[in-house]
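In what follows, a structure is listed as structure tokens, so that the remarks can point back to it.
Note that the chains take the letters A, B, C and D in the order they are written out, and that residue 1 is the start of every chain.
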Amino acid sequence: MADIATQSTGAEIDLPEAFQNAFRWMVLARTFEDKIASVYRAGKIVGGVYVGRGQEAFSAALAVQLNRGKDIYAPLIRDMAGRAAFGEPVIDAARTYLGSAKGSMRGRDGNIHRGSPREGVPAMISHLGAMISVVGGMLFARRLRGELENSVGAACIGDGATSTGSVHEALNLAAIEKLPLVVAIANNQFAYSTPTSRQFACKDLVDRAIGYGIEGINVDGTDLADCLQGFNKALSRARSGKGPQLVVGKLLRLAGHGEHDDAHYISKQMRASSLGKDCLAVARKRMIAENWGSEEDCKVLEEKAIEEVENAILQASGEESPDAYTHDWNACFSERFRDTQSDP
Amino acid sequence: MADIATQSTGAEIDLPEAFQNAFRWMVLARTFEDKIASVYRAGKIVGGVYVGRGQEAFSAALAVQLNRGKDIYAPLIRDMAGRAAFGEPVIDAARTYLGSAKGSMRGRDGNIHRGSPREGVPAMISHLGAMISVVGGMLFARRLRGELENSVGAACIGDGATSTGSVHEALNLAAIEKLPLVVAIANNQFAYSTPTSRQFACKDLVDRAIGYGIEGINVDGTDLADCLQGFNKALSRARSGKGPQLVVGKLLRLAGHGEHDDAHYISKQMRASSLGKDCLAVARKRMIAENWGSEEDCKVLEEKAIEEVENAILQASGEESPDAYTHDWNACFSERFRDTQSDP
Amino acid sequence: MSITYLEAIRQAQAKALADNPNVFIYGQDIGAFGGAFKATKGLFEKYPDRVIDAPISEDAMIGLAVGAAIEGMRPIIEMQFADFSTVGFNQIVNQAATHYWRTNVPCPITVRLPSGGTPGSGPFHSQCMEAIYAHYPGIIVMTPATVEDAYSMLLEAIYTDDPVIFCEHKYLYYHLKADSLPKQSLPAESARITRSGRHATVITYSAMIHEALLAADSLHDDGYEIEIVDLRCVKPLDIDTVLGSVARTGRALVVGEAFPWGGVTAEVISRIASEGFHLLDAPPAKLNARDTPIPYHPDLWRYHRPTASSIKSAIQKLLKD
Amino acid sequence: MSITYLEAIRQAQAKALADNPNVFIYGQDIGAFGGAFKATKGLFEKYPDRVIDAPISEDAMIGLAVGAAIEGMRPIIEMQFADFSTVGFNQIVNQAATHYWRTNVPCPITVRLPSGGTPGSGPFHSQCMEAIYAHYPGIIVMTPATVEDAYSMLLEAIYTDDPVIFCEHKYLYYHLKADSLPKQSLPAESARITRSGRHATVITYSAMIHEALLAADSLHDDGYEIEIVDLRCVKPLDIDTVLGSVARTGRALVVGEAFPWGGVTAEVISRIASEGFHLLDAPPAKLNARDTPIPYHPDLWRYHRPTASSIKSAIQKLLKD
């Protein structure tokens, strides 16, 4: 971990525990996404499927150090692992993908567009960059009310999204307000098909931090331990009032942009490079090598994950779709401000 | 001049010549703006008046090193000096403020919203930050057509505008494309009434440069010689293919945001600090001290400026307003795409 | 005592801040400076934590408001000019407007847009954006035309559990005065018969109400009684009040200061034509600004937007149809 | 040979690139990848300098296009989805749209918006934004409904000296096929009578043309002949063709896939009501999507937008009026 900031105020992390914990969600995420991708290929999903293959360590390492009910977590499209770690039930992912009326989005939105804002998980809109200021606003509100205590907000984003004005405005605003915001940039080398060389010209995205007057940390996104430690630092700093933190993880998207995309534009060399390491395989090896879990433990975990995922998919598939006729077609909460315009 | 970049590729500047040249435009700008402010106070201007008092050195130092007909110059609201230096006739400023139909904006737009895009001066829209990508596009077009040669584009902006997503996207895009773009940030300590502490949290705005992978230079905005030298470096680098350059000038707005504003929120201490020095007085003193011009020369210059400004105001005041009845009320150039909707 | 439209807006905010600790105001130069138009003057001194200067970041400002609203706050965002809300457009129409429908969590934000033309303001400080926001599901758009409405509707906006775009008209800021602020008021969603008449109805809102009133006054001298409906809220539209009036007069002119293609005038006419066709004795007419950017020069500007005199001509034409 | 609507768009761009060295395309993933929808497939290989991948910066993308246009280029900007143009909104409506009027220098940019709903696309990949842009002076908005129009109108857009918002419908990309590309075509500013009839006119555009055609087919079996007008360009509106048709049928239904408040349908009805009132034998009717964000679930989506069957019902109602 190349830590460009000078000092850490982090409470020491219990690495074995955090590692085991994160690993579990990584396995669950990978299992779910492999499954949902196969359901997609079988033609049973309407719309797209977006997976976080290769990004599970970076995603889980952040969320596993957050507390549901206290912290805020704004995942993006490749954060199945983080979502699970933050307490999103797998069944909700299955329901949202499969269009069950029981999903948190009730069929109104799909796939990775899910969340439960009241539980600290804003539901992403597609427009990249737009969620960071929302997390900022949540923190801002808590502080205004004196309810912030030492909670933090974490927002996930990709390398490509750093080109949006939205990310800039949100980071700058958070820095001015010194909000306890951790922004996790998963630099997976591509924005859809576009390589980072067509997205920014700085040597390292972490160099953005100084321009906001915030702290920045680089981590090896393929290495769960490094991710855990980097986020631990960032989170402790944020919790202790040091303002926004930028954490950049270097890794490679080990999948297409969506399951419709074969990612032919990712070169063999890049796949074979150290960026292309599969964080899950690396973590599994480390688990066993460090004796934080046995081969057997891993297998049990993997089998349990398969079972959980299969059950969730089965259950969600069997659930009813939303019914257009009985559906509540009102975009406004306030009844008195509903238009009298007759329905089509 | 604190030059955070490592090396200069600049051709040496002929300081006395550049200084005299810039000084002349500074005097003209100050004279015009003092006059237009008094016309405003006399109630003879509809709309606002925005002046560049205290920023003339920074503004002129850039434009005096640009070539009309070859380079692009996108001034903002406090760039009367730069505009004049780039060849905008004073009469056009007078006409635009006074609403003469003969002004470049023909009464359609007013005050500092003027330009002549075909001559390399885009006409600013009010939305801050929006002009930088336009300059980028002009450069991009020239390069595509093989007509760029070693011309540059310069865009002016304030400290407050750096908070816009627009500025971020434009700088980032220019860096990716390695465009010969010089962005001049006049850090005059305030955005309207808002101090920089509520606008950004970085130590220095020049720290943004590294995050775009571009070069950055700080200059003392109250010191014409430093401004000239700083822009000289930036411009030579840009002309020689080194990509976008950021030049930050530290100075103080020696006026209200507009002439309606008494700027009571600027503290006495700040006014008395070195930021609050009047660049024009400083430059005049230096001129004489260095023997680049005599006291007498300065007086002649000042008198000529007064005459030029008085004539321009007189002329513009006497000119006809646009006539609504004979005016061409078509927002589209293409006749065949004009709406048949009858006029009100 | 005499209270301006602007002062009404200031006082509504003062009251909301006093009554409800969840209310805060966020905008450029609205703190110690009191805002570009002084709509928040003195509020920072009383509520320094809740009257907060924002950076020039309209996108993030709206994003922040949405986040705060999710947490139960009732943010008021002041745009320095309506025209600059284009920069926060995405967050308004895609983040705020869809929030309740998507997540079941209401998003009670109020975005104040100092709107409309004044002489010399030019293309980027004069716009009327009500139609742009009204097009999107999930947004309420208010366009008060009186001092009393500025006050009571802003309070309603703040306490509404949906995003409200509050179009306050800059021309009315100082021009319009009332004796006192209302204790009671017509609900924001109801249109008002501002003036009753029987020969024709002019349906309009915001600053154009006052131009229409002048036109009606002038036609009164010619023996015509013109009814004027103030829409007050353009989304939702109180079409019942509109149709009630058209039923009485048989003639409808819809006036708007915004650009002519689409917008409030088109929506109102289309609703009248669809739902009240048989009430009409003549084709419904509309009058808008011209189809160009808003000119800076006062001589052009006066000819660009509808005025008492162009409204009068349009009514005269309508009466002849 | 059979050519899809998408292929027509690709070929129009290929032709423009080949014919005019001032044309270039800028957009996300449009280079070697050929675009999210493959609308630029193979073009980068032939014109590597003029088919350029953009960062995720819609604001700067439009700004760049305006700057290039000032210098005499004819940029085509591909938005990955129409919905993301909200981020470039300010540069479109305030920079590009006002440029000619303010400076006398035309701004020939074409912004391609992959628009409209397809099953499963949800609230942010399905929007129809034509009305938003059409509201602003200085913008031309094209909404082609056929393969031939996609081709010829895109070429016209590229060669038009004003900003053109080109709304290409994603549902039609693969669904619609033609035998060949047109050599000649109706000018883009003219509406077209797509089907002639005499009992009622359905006025619509883009994907809804095809739903209307199905509805008309089905009503044909019941003995009704429904005329269908394809607006093609929604700004400016070819109101003469619309009124000509309404003069023949006496009945008008205006259909749009966009949100119901305001928009193209309201504008068309208001124009018919104002300018063609006496041609009408029945109140003009409109049919739009529902007033909520566009739902992801296909079962909800089908009920959200107008379909052949809801159009049929609306026509039946209109015929009874």
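Criterion: a contact is a pair of C-beta atoms (placed from the backbone, for glycine too) under 8 Å apart; a residue touches a chain by one contact, two chains touch by 3 or more.
All figures in this text were calculated on a predicted structure; none of them were measured in a lab.
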Exercise for the section: Identify the chains adjacent to both subunit C and subunit D in the sense defined at the top. Expected result: A, B
Practice task
Could you pull out the chain whose C-alpha mean position is farthest off from that of subunit C?
Solution key: A
Practice task
Quick one: report the Å distance separating subunit A from subunit C, using the average Cα coordinate of each chain.
Solution key: 40
Completion exercise
Per the C-alpha means, the centres of subunit A and subunit B lie apart by a whole-Å value of 43
Fill in the blank from the handout: CA centroids of subunit A and subunit D: separation to the nearest Å works out as 36
Problem - Overlap residues in subunit D, where contacts from two or more other chains coincide - result: 54-55, 57, 59-60, 83, 86-87, 90, 94, 97-98, 101-102, 123-124, 137-138, 235, 261, 290-293
Exercise for the section: Pull out every residue in subunit A that's touching 2 or more other chains. Expected result: 105, 108-109, 113, 125-127, 163-166, 169, 172-173, 176, 198-200, 330-331, 339, 341
Practice task
Using the contact definition from the top, classify how the chains connect: line, ring, star, complete or other.
Solution key: complete
Handout entry: subunit A-facing residues of subunit C, complex
Key = 21-22, 24, 49-50, 54-55, 57, 59-73, 75, 90-91, 94-95, 97-106, 137-138, 140, 160-162, 187-189, 233, 235-237, 239-240, 271
Fill in the blank from the handout: Listed in rising order, subunit C residues that touch subunit B in their complex are 28-29, 32-33, 36, 53-57, 59-60, 81, 83-84, 86-87, 119-125, 260-261, 287-293, 295-300, 302-304, 306, 310, 314
Handout entry: subunit A residues touching subunit D - in the complex, by the definition given at the top
Key = 45-48, 99, 105, 107-111, 113, 125-129, 160-161, 163-166, 191-194, 198-200, 265, 321-325, 327, 329-331, 339, 341, 343-344
Exercise for the section: Quick one: which bits of subunit A touch subunit C in the complex? Just the residue numbers, please. Expected result: 104-106, 108-109, 113, 115-118, 122-123, 125-127, 130-142, 144-145, 165-166, 169-170, 172-173, 176, 330-334, 336-341
Fill in the blank from the handout: Residue positions on subunit B within touch of subunit A in the complex are 163-169, 172-173, 175-176, 178, 197-203, 207-214, 243
